[in-house]
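What follows is a single structure, written as structure tokens, with notes after it.
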Amino acid sequence: MPIVQIDFFEGKTVEQKRVLAEKVTKAIAESLNCPETAVSIIMREMKTDNYAKAGRLWCDN
Amino acid sequence: MPIVQIDFFEGKTVEQKRVLAEKVTKAIAESLNCPETAVSIIMREMKTDNYAKAGRLWCDN
Amino acid sequence: MPIVQIDFFEGKTVEQKRVLAEKVTKAIAESLNCPETAVSIIMREMKTDNYAKAGRLWCDN
Amino acid sequence: MPIVQIDFFEGKTVEQKRVLAEKVTKAIAESLNCPETAVSIIMREMKTDNYAKAGRLWCDN
Amino acid sequence: MPIVQIDFFEGKTVEQKRVLAEKVTKAIAESLNCPETAVSIIMREMKTDNYAKAGRLWCDN
Amino acid sequence: MPIVQIDFFEGKTVEQKRVLAEKVTKAIAESLNCPETAVSIIMREMKTDNYAKAGRLWCDN
């Protein structure tokens, strides 16, 4: 705890996820005043035909 | 906001997801009285061995 | 299956949720070609200080 | 209802998921005093570069 | 990891949640072959007007 | 997109959530190379009897 779930589009590199993990963990630990070791992050990669905004699939934009 | 997450079995076409996005967005905007542009939808496709009902994997039915 | 999770701001009436349930269920059954009895919907009500867009709490808008 | 979502690392066999479904359903039915037929379980398989603990990707451990 | 999310109706006692935590953790550790210390469980309590099945709010049944 | 969900224990101030929103949004925008305006964050506050680690409710620690 805290437990974080992040949905984003596929196509990110492992290095981008590495930086994401470091930065988000630090951001949460600082703002919620908890140790970084307490933070878990689940990332979910999504295809652009699995997300819609305003009734429209992202792949159709 | 609103943010919608829908889990369903894999095997749907992009056209089915397109219609899903349109119809669900309209349904939410009408019932919650918000603009369609405010609605986000995340779809998650699932294999039948990743879902269980009544203690039984779906792929075993 | 399908299983739907919808996050929206608190303050909706039971009648609005009733209409939401009917309309979203119909929208999903029609587009994914499944029976309405198969659709489950979880609604989560959120306070405006528990949602942020663009780095800003909704209650600060 | 109840609806369960379980995130774990990929690489499990269908037999492991089968046992998971049986045991978790029984555990929930017994403790919450509900019929086993009411329990739905969604399993999500994750790559080790999509999970981080303490600011560090699991694949880097 | 594994991380579990369970949605159920409000009205359970702390003792029921205690038993749920023990039993579900054991069920997962045994079936996925991981230590019990690795299992996290988030429980979400829901009002009966925040869940719908087959297009119908649970509170209307 | 990206969409973030964060579960943490209740008892945080609005100011802590404000800082959380700012810092997490910046962390994600920088690491995934997307505009800050694209980031949505849902926060969920949890009672200590609704979280378990290692088979034990947090309120029992």
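Going in written order, the chains are labelled A, B, C, D, E and F, and every chain counts its residues from 1.
As a working rule, a contact is a pair of C-beta atoms (placed from the backbone, for glycine too) under 8 Å apart; a residue touches a chain by one contact, two chains touch by 3 or more.
All values derive from a computational prediction rather than experimental measurement.
Visitor: Using the contact definition given at the top, which chains are in touch with both chain B and chain C?
Guide: D, F
Visitor: Would you kindly count the fewest steps from chain A to chain C, each step being a jump to a chain that touches the current one?
Guide: Minimal hop count between chain A and chain C: 2.
Visitor: Once you count every C-beta pair in contact for both, which comes out on top, A-F or B-F?
Guide: Pair with more contacting C-beta pairs, A-F versus B-F: A-F.
Visitor: Return the distance between the CA-based centres of chain C and chain D, expressed in whole Å.
Guide: 24
Visitor: Calculate how many whole Å lie between the centre of chain C and the centre of chain E, each centre taken as the average of the chain's C-alpha atoms.
Guide: So the centroids are 20 Å from each other.
Visitor: What parts of chain A, by residue number, touch at least two of the other chains?
Guide: Correct list: 1, 3, 7, 17, 20, 26, 40, 42, 44, 46, 51, 53.
Visitor: Using the contact rule from the top, write out all pairs of chains that touch.
Guide: A-B, A-D, A-E, A-F, B-C, B-D, B-F, C-D, C-E, C-F, D-E, E-F
Visitor: Under the definition above, what is the set of chain F residues touching chain C in their complex?
Guide: Result: residues 14, 17-18, 20-22, 25-26, 36-45 of chain F touch chain C.
Visitor: Would you tell me which residues of chain C are touching chain B in their complex?
Guide: Against chain B, the touching part of chain C is residues 1-9, 12, 16-17, 19-20, 23-24, 26-28, 30-34, 46, 51, 53, 58.
Visitor: So in the complex, which bits of chain B are touching chain F?
Guide: 1, 3, 40, 42
Visitor: Quick one: in the complex, what on chain B touches chain D?
Guide: My answer: residues 7, 44, 46, 49-57, 59-60.
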